[in-house]
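Per-chain numbering from 1; labels A, B, C, D, E and F assigned in written order.
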Amino acid sequence: MKLVTAIVKPFKLDEVKEALRSIGVNGLTVTEVQGFGRQRGHTEVYRGAEYQVDFVPKVKVEVLAEEDQVQPVVDAILKTARTGKIGDGKVFVTPVDQVWRIRTGEMGPDAI
Amino acid sequence: MPEVDAGDTAWLLTSTALVMFMTPGLALFYGGLVRTKNVLGTIMQSLIALGIVSVLWVLVGYTLSFGPSIGGLIGGLDFIGFRGVGQAPSASYATTTPHLAFAAYQMMFAVITPALITGAAAERLRFSATVLFLGAWSVLVYAPLAHWVWGGGWLGRLGAVDFAGGTVVHVNAGAAALAAIVVLGRRRGHGTEAFVPHNVPMVVTGAAILWFGWFGFNAGSALSAGGLAAAALVNTHVAAGAAILGWLLPERARHRRPTTVGAATGAVAGLVAITPAAGFVEPWAAILIGLAAGMVCFLAVDLKPRLGYDDSLDVVGVHLVGGIVGALLTGILATAAVNGIEGSLGLLGTQVVAVAATIAFSFAATWAILKAIDAVVGVRVREDEEIDGLDLSQHAEVGYTFGERGGSASSTVAVPEAAREKEAVR
Amino acid sequence: MPEVDAGDTAWLLTSTALVMFMTPGLALFYGGLVRTKNVLGTIMQSLIALGIVSVLWVLVGYTLSFGPSIGGLIGGLDFIGFRGVGQAPSASYATTTPHLAFAAYQMMFAVITPALITGAAAERLRFSATVLFLGAWSVLVYAPLAHWVWGGGWLGRLGAVDFAGGTVVHVNAGAAALAAIVVLGRRRGHGTEAFVPHNVPMVVTGAAILWFGWFGFNAGSALSAGGLAAAALVNTHVAAGAAILGWLLPERARHRRPTTVGAATGAVAGLVAITPAAGFVEPWAAILIGLAAGMVCFLAVDLKPRLGYDDSLDVVGVHLVGGIVGALLTGILATAAVNGIEGSLGLLGTQVVAVAATIAFSFAATWAILKAIDAVVGVRVREDEEIDGLDLSQHAEVGYTFGERGGSASSTVAVPEAAREKEAVR
Amino acid sequence: MPEVDAGDTAWLLTSTALVMFMTPGLALFYGGLVRTKNVLGTIMQSLIALGIVSVLWVLVGYTLSFGPSIGGLIGGLDFIGFRGVGQAPSASYATTTPHLAFAAYQMMFAVITPALITGAAAERLRFSATVLFLGAWSVLVYAPLAHWVWGGGWLGRLGAVDFAGGTVVHVNAGAAALAAIVVLGRRRGHGTEAFVPHNVPMVVTGAAILWFGWFGFNAGSALSAGGLAAAALVNTHVAAGAAILGWLLPERARHRRPTTVGAATGAVAGLVAITPAAGFVEPWAAILIGLAAGMVCFLAVDLKPRLGYDDSLDVVGVHLVGGIVGALLTGILATAAVNGIEGSLGLLGTQVVAVAATIAFSFAATWAILKAIDAVVGVRVREDEEIDGLDLSQHAEVGYTFGERGGSASSTVAVPEAAREKEAVR
Amino acid sequence: MKLVTAIVKPFKLDEVKEALRSIGVNGLTVTEVQGFGRQRGHTEVYRGAEYQVDFVPKVKVEVLAEEDQVQPVVDAILKTARTGKIGDGKVFVTPVDQVWRIRTGEMGPDAI
Amino acid sequence: MKLVTAIVKPFKLDEVKEALRSIGVNGLTVTEVQGFGRQRGHTEVYRGAEYQVDFVPKVKVEVLAEEDQVQPVVDAILKTARTGKIGDGKVFVTPVDQVWRIRTGEMGPDAI
């Protein structure tokens, strides 16, 4: 079992979700986050003071996937979240020891 | 024939606008006090009163309240559909302003009074039941009571004094709230979960609009732009100010912190209590009434959790209790120099009768109306609707969608029906 | 020499203040309806009208609108820079109040009318283009139209009736909105992404201020504090109330839920439709006009997605459609008892002419103005600016920064320029 | 004996309501400008002025300000507790309206003036110190100054002109703000952390209410509903409008973006500057004053970070600077045709004296009051309280609790005391 | 050292927290997230346009736990977060290499 | 490849970010979270009811780092986020199987 995490541009979320749904992903969890990276932030001005804001709004998408689903999931994200402009974000995969579905107590592949 | 005075009319029209503004002010006051998921449902319970009650007032409410009295109990149908309510003054009411202005001014009172009640029922009353309730209550409970006190009815004849609606509006709404609480029962999670105001600045905004509008409510009730209106305005303001202090002092003593919600609530309590008295007392007495209202209402609200009933937004603690404080203190503190009425034990007795009659009638009638509505459409939302919140379950909306800075909706998947249809056509 | 009446003046000054308040009310109404990233840009499109149009009105707008008529087409320059507009009454307008009061009252109409249009262009109009547009439009489109109807121009002479601006303000702004939609094109993502209101309580707050201010707009248009003002006030209120019902009924039928945004929009539709009629009809007719406006505007807005054009905040569906409903129903429902004008087929015909002339002139002139501005500075923001939102791209600000409870800014790195300079000096 | 005029009274009562509304408007204006964790604390600093100052005004403030002059320095105690302030007009002030109306109108000025100062002290002033300060300042600083200028005191006798409070309210509050900044010191993190407004739409809402209320503030100061009030209203409005432009032009030049906070602040600066002039100048001059105020205040605020002092919400840059601009320009631009006073070098000199005297007295007295309060209860919150924010540390509340859509509180664990007690009993 | 992550219904948070506290868990971290899964979202209506919202508000609870505490933690969550209705969420366990307490610099089991 | 996660006090975020930037970290992702731990929460009072709020606002900082960068990253966080008062938070390291940069499709060290 693996956890695929993607940091993507917020306006790409729907497309990513639809792409994942179309390859059989049944669930995912989304978090609003702030990213700092090569992409420049912006300047804000309030009463004569200029503030450089380095953080950019992003969304984090997390998908629990079976081993053999990892590559398709990653590929789907890489394809749909890409705009080619700086700040498109990252995808990474981390190991998962075990998963449970709370409603039923099912474990492992049955839980997702 | 009485003539229209432009100055009095200017003030009455202004006051009418101010009192209208109080109902959306109430919507914000109440809306800020509930949890996020119920903000729109709560706002709608006041907003829809502007729709349903306004129309009913023109059709039947005004004539039942202010039509020629039938035995001191209810107004006759002479003014049905505002028939005969024209640009010339009425012979009986506000005789220096257009009859239409008086009828419009009174309409705003009829709108806000039932809206006040909804605070007690917040976070669990069905929207369809709300609409039926507001309409029925305004005709069956508000109109008779307004008639009793102001329309030539038996309470007015008895000598009960109520300058701007202490009993007609506040005691009445407060007693109705009590009935609503009994019929509706407690909210899911009441007493164990945190029910904290989701937007305190909104509460303050609402309270500010209420305070501002209350100048129309009380000083407008002089129905002319002269000394009495000025006296009522001063009293209104200083009572509200004193009631802030009256609330914060015991709150600080008991909870170590004076709160913003407390200041806003205290001000409203003071405004409630000064309502019957505004045109009868002197400023120093208004300060006393405000202080008393702030303290007594604080104690009432502070006690509430011990009593275990669920008056969501403290309509009983503020409007019933504050209204009683004001009605009784008017009986004691009225000064003849202000408006010809002097406080006395006799007057106090009459005030007690007026309050008791109002509570009895309002509680009983409200209970019956709600039970009837419950039988027809059900007064309370289903449990899953209560968990989801009124906004989604009753109105298919959410109050706030902040999370989209920098791109399209993050939490909202956007497929408007028509677009989907188009999509399908391609 | 006409004399100033204090009562009439009190009401006209109050009404002026109320109408001024409508423009920031509109800013909130519109601001709540857009997405978070555009809230300030949208607010600014109304706010800046208070700046640019107010100044232009003193300089040239008033005299072009209300100066001595040149052939029924435009006002002469007698009042340029408010020359000759003094504390004594005008001989022609509002003859019991100071000329300055009348000119100020009319100024507020000139401010809000172009601001209304910006709703159709929301979320994509450049700020510099907005400023140029508001200024140019107020002089080149609003002033002539105000003159035609109210300033002694040809439409007024023809017998067209418009109590408070049904054609001058609402049909005019609605037709201009249509031109703006054509010139600007659709927003990026329109029809596929979710464009949901980011702050519905703000929408309600704005609508409430509009409603409150509309008492000044309509009842103030009586230009005196008497029976006519009272009649206009009653009509305004009950039309708005009835229009809430008129909107929610079909909405509930079609979407199973009556919405808060619907109630607010319905109220505004009712207020729009009663505007030309307010001083000509009886309350029962006002209720009818409100109901009709609510329903027709609901249908217009509900249809919109099918038509595929992008009127961001439904200026066409509410102001053009509502304005037409009101103008035509005024022609039918006017009652001589109210203000000396009786509805008739002839009057209806005149109203049709007024509406048609307004639409034709406003659409064409607006189209030309926007095309000219587009050629000079560009009317539309760049695509990346549209994605970032107007707040950041046009104003270098964000609407809300909530996420800092418990410490310093979490998402905002704070190095004010000057502090950085200091840092460098050390 | 002078008689009450209903028209004048209608306008004065309306104006009183409008000025009252400004204080909660200020609360929102200031509340939106601070960080989320201080929103309620900031709101409370204005709200509590409505409590404490209103009561003190009735008791002693009015008589010290407007009682029979003792040597041109302070009012005598004839009106203590509003004794002798009745429904008939005063012989000296606003002689066509009830004395109570005049006293109430002036009360609202006494309330908002100290509230203005709190903006400079925002985000670090203890609540108990706030209450003491507002009360003491209103009696010890505001009352004498009001007396000097309006109550028959030496500045008025000298010939200094101040139509609606340029020196009494704005220069006074601005100079007091300077003293507050000196006594309080800078906020933790000032100059390094981002102090950005947490809710700009709230700032706009507050500014809108201020603008709306300012019609009462300035046009109400005519104390009658006639030409002078109309002139003051026009001037007030166009100065505010012009000041938006006056602020945004240099802001755009310097920071490449005209901002919403800038537009709101510019409008307030224009309103401040026109306050002393409103009843003395012609509209073209009001436009000039507005433009000048917008530009000069922008420069003052833009300079601030270089000076290194921490005027949290720019009370000095807007009220002191704007007030001085207005007071001096009144000396130059006053036109006899408006109100009998013609600008001249002599008048300018008198205005300089009035401004200087106000600054000197206000700064010194405020400094002393704050030092005294500091010795008794401490003016500044503890460092951990400052980090936690005023809302939690002073009021045990938070402004917003949005995160609970779809269920119970997510971040708030709910154990109301009483429920816990019950729990324990079981 | 392991990280136990649970995605649960927001109104279950208090119960979960209390259950964990009662079995000796001294700390946890909570994030507001949006879930997509078998549980249906809802429809919103604005001015005649209907929007299908697929995401449902959830909270993510993260608990750093020693190996032998993992099962009790998971069990406590499974028990208290369950309503039996669709959408109750997931629990999963991921490996952690090392943990530090910032205040003291302590590492490993001492840090939690 | 590792993921370093830190839970820190919100007002320390800027300092932490600057410290990481100065040791060559090019990107990171920030989430607003609520922490429960030894640090006491606070009491809120609304109309006579007192509520004990156990959660404290925190921010979560996540940094994808190469193996040899982990210790410097952890040290920088430990140093800058420390106030010495209770509630300073935690840092922990979890294994990552693979990382991609969405914009380019680059993998591994090149992706961060």
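Just so it is clear, a residue touches a chain if its C-beta (ideal position, glycine included) is under 8 Å from a C-beta of that chain, and two chains touch if they have at least 3 such contacts.
Just so we're clear, the structure is a prediction, and the values are computed from it rather than from any experiment.
Enquirer: Hey, how far apart are subunit A and subunit D in touch steps, shortest way?
Expert: When the steps are counted carefully, the minimum from subunit A to subunit D is 1.
Enquirer: With a Cα-based fit, what is the angle in degrees between subunit B and its identical partner subunit D, given to the nearest 5?
Expert: In short, 120 degrees.
Enquirer: Please tell me the distance, in whole Å, between the geometric centres of subunit B and subunit E computed from their C-alpha atoms.
Expert: The mean C-alpha positions of subunit B and subunit E differ by 43 Å.
Enquirer: Starting from the mean Cα coordinates of subunit C and subunit D, work out the distance between those two points in Å.
Expert: Measuring from centre to centre gives 31 Å for this pair.
Enquirer: Distance-wise, how many Å sit between the C-alpha centres of subunit C and subunit E, to the nearest whole number?
Expert: The answer is 49 Å.
Enquirer: Could you list which residues of subunit E touch at least two other chains?
Expert: Within subunit E, residues 11, 14, 17, 30-32, 34, 44-46, 49-51, 53-55, 94-95 contact more than one other chain.
Enquirer: Return the residues of subunit B touching two or more other chains; collapse runs of consecutive numbers into ranges.
Expert: Residues 5-8, 10-11, 14, 189, 193-197, 199, 205, 225, 255, 257, 259, 261, 305, 387-388, 396-398, 400, 402-418 of subunit B each touch two or more of the other chains.
Enquirer: In the complex formed with subunit C, which residues of subunit D make contact?
Expert: So the residues of subunit D in touch with subunit C come to 5-8, 10-11, 14, 18, 35-37, 189, 191-201, 204-205, 207-208, 211-212, 215-216, 219, 224-231, 233-234, 237-238, 240-242, 244-245, 248, 255-261, 263-264, 267, 282-284, 287, 305-306, 308, 337-338, 387-389, 398, 400, 402.
Enquirer: Any idea which subunit E residues touch subunit C in the complex?
Expert: By the definition above, subunit E touches subunit C via 44-51, 53.
Enquirer: Would you pull the subunit D residues touching subunit B in the complex into a rising list?
Expert: Residues 4-11, 13-14, 16-17, 20-21, 24-25, 27-28, 31, 39-40, 43-44, 47-48, 50-55, 58, 81-82, 85-88, 97-98, 100-101, 103-104, 107, 127, 199, 202, 205, 225, 391, 394-409, 412-419, 422 of subunit D touch subunit B in their complex.
Enquirer: Applying the document's contact rule, which stretches of subunit F touch subunit D when the two form their complex?
Expert: 11, 14, 34, 41-46, 49-55
Enquirer: Considering only the defined contacts, which subunit E positions touch subunit A in the complex?
Expert: Per the stated touch rule, the residues are 2, 6-8, 31-38, 54-55, 58, 60, 74, 77-78, 81-95.
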